[in-house]
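You will see two complexes here that share subunit A, one where it goes with subunit B and one where it goes with subunit C.
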Partner chain A sequence: MTQISRLSRTDWFGPLLATIIAIVVIRAFSANFLSSFNIQILLLAIAVNALVAYSQMIIIAIGQMNLSVGAIGGLAAISFVGMIEVWGIPAPLAVILALAIGVGCGVINGVLIRITGISAFVITLATLSIFKGINLGITEAQPFYGVPDSVKAFGSALVFGPIPWLVVPTVLVAVGLWFMLSRMPVGRFILAVGSNEHAAGLSGISVGATVIIAHGISGLLAAIAGVLVVARLQIGQPSIGDDWLILSFAAPVIGGAILAGGHVSVSATFLGVVIVAIITQALVLFNIDPFLVQVVLGALILAAVGLNKLRARAPIGQGT
Partner chain B sequence: MTDSTPIFQARAIEKAFPGVMALSGVDMTLHSGSIHALLGENGAGKSTLIKVITGVHAPTAGTLLLDGEQVSFANPRDAIVQGIGVVHQERNLFPRFSIAENIHLEQLAGGLIKPIDYKELNENARPWLRALDLDIDPATPVSELSVARMQLVEIAKALSLQSRVLLLDEPTASLTSSETDRLFTILRRLRDSGTSLVFVSHKLEEVQEICDRVTVLRDGANACDSQPMQGVGRQDLVRMMIGRAEGTASWRASDTSTHPEVLGLSDVSTTLGHKGINLSVRKGEVVGLYGLVGAGRTELAKAIMGKFALTGGTVAINGAPVTIPNVAAAIHDHGLGYISEDRKNEGLILQHSVLSNVGVPIWRKLAGRFGTLFDRDIRKAALPYLQKLEVKTPSLSQTVANLSGGNQQKISVAKWLAAGVQFLIVDEPSVGIDIKTKAYLHELLRDLADQGTAILVISSDMPEMIALADRIAVMDDYRIMGEIANTGKYDEIAPAIMALIHDSVAPAA
Partner chain C sequence: MKTYIHAITMAGLFGTAAATSALAADDSRFGLIPGGPHPYFSAWEQAGADAARDYGLSASEYKVPQKWELSQQNQLLESLLSQGYNGFLIFPGDPVGAVSTAEEISGYGAPIIAGAGCYKDPSPAAFCLGTDTGNSAYLGAKELIKAMGDGQKRIAHFTGFLVDPNTQLRIDAVNRAAEEEGATVVQVIADIDAPEPAEEKINAYLAANAGDVDGIITTAWVPAVVAANALRKMGDSGIKMVGIDHDEVVLQAIKDGVVDGTMLQNPYGQGYVGTFALDKLRSGCTVKDDAPFGSNALTDKFIDSGTAYVDASSADTYLDAMRAETDRLLADFEEKYLNCN
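Entry: the complex of A and B
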């Protein structure tokens, strides 16, 4: 009994249970659900969406939010293809430059937040518009088609079975993030700043540097997601990233993240992404209007926030 | 031991903030193996001095000497590295981190990506916990600890940084008396092992019990500089702090036994665990509700106000039994008011103006036919009370957060006066208020009572209780242990109160 109650306190237990139930139920209604092809589609969606969610999660960890996640991902994506098409530079170099652009955008967010002392909400709302505007200025809202064959090949290649190569960067990022947040000082500082910024400062942690690093990481992850989308779509769409915002919050929140900061879970956020992907997939399989996905996402966020609140009450009751 | 060479000296420290001279030429000399009291009223500059010593603020002028050599701290980390530790008044821990990590976070700040060895971290934390008699697994998350233990973890953290100078800002503010005793035992042990401690507190009894030297600040300057505590009496300390002797004997007998009862509780129990509560407050009477932290006093007050549900017994107002479904009904229908001990979070809306803070409870009454409100009406209703309480504010549109603690407290009283309450609960009226304002506040509450308001004062400050109340009800473990008619004589009443509490504690312990 105590075993179960301890399990139920972990962030990943609830989402894992929900994932398993969802898989079993959907499989019962649709034999196609666990077909090799379907699993591949699911994994492709999860690979990108997990990076988007992590990009937001790292900012949630410091108790802020980043509305410009999609705009950064989109700018990195079109820069990536644009540099190859217009300047003819090799793809690996273009990847590095695109990721550098992502880091740069994130650092700009972080520096602006620290210098001005204005809330991250307002700053990233402004930079969302700026980054998106630069994107549209460069592309004039027309896609870049010059995606090289090597990139296209990477986007559709399989490691083995139904597992696409696209999931490899995501898995590496997830493991790296987990290690950073649980075992590396910089990750602990990010959580400490999110938990109590004032106390973190008094403990000798440089709050400014920590915030800027977190935003830099956020930008990097958004850029990786953008590049992966290009490899998957095989086209440099200016609209990449436009629909990332809600998902970026949904997955960490389903994974038990506290929006006030100081607590996030890499594994549970991943499960959050999986749940969203499965439900989206199910709506397609059952021929349900895809616009309902938005409604379902919203409902999931509400349910997750409600559950987190209930959970927070039980174990860490300080009493008043 | 006190005549050893000074370990730390602050000389002629000045600190100017825009428009304010917070410190002007302050000196303090600390010796190792000593507990040094730093006293002063709110706004006297204690916190600023602590912040200068610990590297949070850079001094505008003056020098800091460590072991006789001049030092300067660019940030808190600099001070920590040099062996100056501090436990701030507010808790500075990360609840979800383990005890060991909280203690050692500082040492990790050296590198950003070197992996953390938690096993080593736990092992390193153990001796510091042992030194403080804390028998807990260092891997325990801090969120599972009591407030007192969290405080000890912070002390462990400061000690682990090899602090030779340790500043404690109001460490006993949220501790019960037995926890305070345990803390003092530990502080004495630290002193005996050579640490130089600085103890900041408003509670002079504690200061006299544990400190061997004292520095008093008044208006940003030394009222006394590092003087031995021996031969300094309570009255001397008070005189140095406020520049005159403490106003004594504010208690006066008043016979209210014939007055009609305003609030009567009989055999009340609540969902929070109160049982068999009988309490009566008459018109014009000040009844004290004494008890230690956690005795259930604030909870009872909130239950009376309709915040928590009753499970049994009756509440009578002016003799008629009533049920109070919520706080709005308590205020508007029954004329009850509650001044919270937590002024900043529960009592006032700090970002709002003086006028709108006082106006909150009367908005409903003043609203016009279409729910319209005019500042003119609110001002007319609120101003007399603000003037009566002598609230010092540049204007009624001043933001409350910019006023002093004393003035904030006056505004929370004025708010209920404006609402025209007949019964007022005042919870820990003098928390965070200096001695001068405290005496004034006591007078104010007595005057209110004399004019017919029934008042219930909740306090764990015994001198305050004895100075203020007509009768004192003693609460422990969510029950009323007994009631004492106050005579105003500390030597008689204090032991009687303690007897009521300890008779109930003894069998349990």
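Entry: the complex of A and C
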């Protein structure tokens, strides 16, 4: 009984329970929900969305927010395909350069926040516009079609069964983030700065460097998501990333992240992404009136967050 | 007070524009403004450049708001006005909400034409030059039903932004065509004219319901691309599809037999004829009182820019179809719609 009580206080218990309930209910009404093809479709969505959520989660961990996650991901995505199509750069090198662009954008965010002392909300709102503007300047709102066959193959290939290759980078990132936040000094610094920036500074932690590193990681994760979206869509659309903002906050919050900083959960955020993906798909499967989809989606996300808050009766000290 | 200062500033900058009614073409500097970034409108850029060259205009330039937000479009329009642009072809970011900015611009003497989408009457737009979206969707649905042949006719309809007034027209038109032909629209998925939601929802739908649908009609650009790719991945699904517009992915899918056809719109014609008409209006022409306008749910001053069905036999020559629609429109445009005495 004590064991169950302890489990119920973990970040991942509520989202896991909501996920299981959602799967059981939807499966009861739709026989195809757990078909191999449908699981593959779900995993493809989760693979990208988890990276988007992690990109925001790492910023939430330092008590800030990054409104430019989607703009960074979109810029990295079209840069990736653009470099291949226009300059003929090999795909592996283009991936590295696109990820470097993501890191660079994140570092710019972090540096501007530290130098100016202006809130991350304002800075990333401004850089969102800048990064998106660069995107449109490069593409002129036109897609890049020159995605190489190797990238297309990666986007549609399966490891085994219904498991797509696209989930592999996401799993590696999730494990890496968990290890960093729970085992590495930089991860502990990030959570410490998020918990109490002043105390962290007095403890000898370089707050400025930590903030810049967190934004650099956020940019890197957004860029990885952008590259994976290109592989999945097989096209370099300039609008990639436009819809990421709500999801990037919803999943960590469903996963119990504290927006003031200092506490995030890699596993629970992942489950938050799973819940949003299942809800989104359920709305399609149940043929919800298109004019009501947004209302129902918002209500269900609210319910998922509420369920998680109800079980969280005791404070928990750190990231997991 | 703020509005007052704004008005004075604008008046100072554009007093000369407002004071003139007939100006030389080489002073004409037009902005072609979509509602936001979208590949559909890219043909406006070439169309504007071609028309500016052909009619000796100073410029007719395609300018894109950064996002599909009315406020961004309004800011862009005011900025261009202050830079000396003196005529606009605009896809209204909102058919009602965009009217006030259009009135402001029109008040400084810059003619306005609604392109690809219409303002809600009354508005200062001279007229609305766009696809008869309802008719295009209706004809596309008819073509799809014809392609499905005998047997069950269950149709899935993938369409665009719910805030786009054309979306409801398209939904209604597809339903009407289905009803007339004894077909059933089993699902409408909307708000997916962006790559990621389209990918997620269309694939989720097909994963669960591929066996329960006989045909797909798409009435927005991105869903057409995503559905074409999904059908290609599924292989021989037996599902027929009619798309919309001329994305490379859709045209290639038609050539490969994955997709049956697509309903072309004529964005090039909108940009070219729109620029031509703006120049005429700025040069002193007026819209005829008895011009043979059509009407739709938003306006009684509608001009159909044309639509055409393209299948495998015409996929290589679709540009000719678009040019033919433009030539047809331009041939008697001045005579039908304008007084230029």
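What we mean here is this: the second predicted complex is superposed on the first by the 288 of 320 C-alpha atoms of A that agree within 3 Å, B and C clash if a C-alpha of one lies under 4 Å from a C-alpha of the other, contacts with A are read in each partner's own complex, and residues count from 1 in each chain.
The working rule: contacts are C-beta pairs under 8 Å (C-beta built on N, C-alpha and C of every residue); 3 or more make two chains touch, one makes a residue touch a chain.
What you are looking at is a predicted structure, and each value in this text was computed from that prediction instead of being measured.
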Fit or clash between subunit C and subunit B when superposed on subunit A: fit
Touched partner set for A:90, first subunit B, second subunit C, both or neither: neither
Touching partner for A:287 - first (subunit B), second (subunit C), both, neither: second
Residues of subunit A touched, compared between subunit B and subunit C (which is higher): C
Partner chain(s) touched by A:298 [first = subunit B, second = subunit C, both, neither]: neither
Contacts of A:199 with subunit B and subunit C, given as first, second, both or neither: first
First (subunit B), second (subunit C), both or neither touched by A:263: first
Partner chain in contact with A:186 - subunit B first, subunit C second, else both or neither: first
Shortest CA-CA distance in Å separating subunit B from subunit C in the superposed model: 22
Parts of subunit A lying in touch with subunit C, wherever the complex brings them together: 30, 32-33, 35, 37-38, 40-42, 44-45, 48, 129, 132-133, 136, 140-143, 145, 156, 229, 232-235, 237-240, 242-243, 277, 280-281, 284-285, 287, 290-291, 293-294
In the complex with subunit A, residue positions of subunit B that touch it: 56, 75-77, 80, 86, 88, 90-97, 101, 105-106, 108-116, 143-144
Subunit B contact footprint on subunit A (complex, rising order): 179-180, 183-186, 188-189, 191-192, 195-196, 198-206, 213, 262-263, 316, 318
Residue numbers on subunit C that touch subunit A, as the complex places them: 34, 37-39, 41-42, 45, 64, 66-67, 162, 186-191, 194-197, 199-201, 203-205, 207-209, 222, 225-226, 229, 233, 247-249
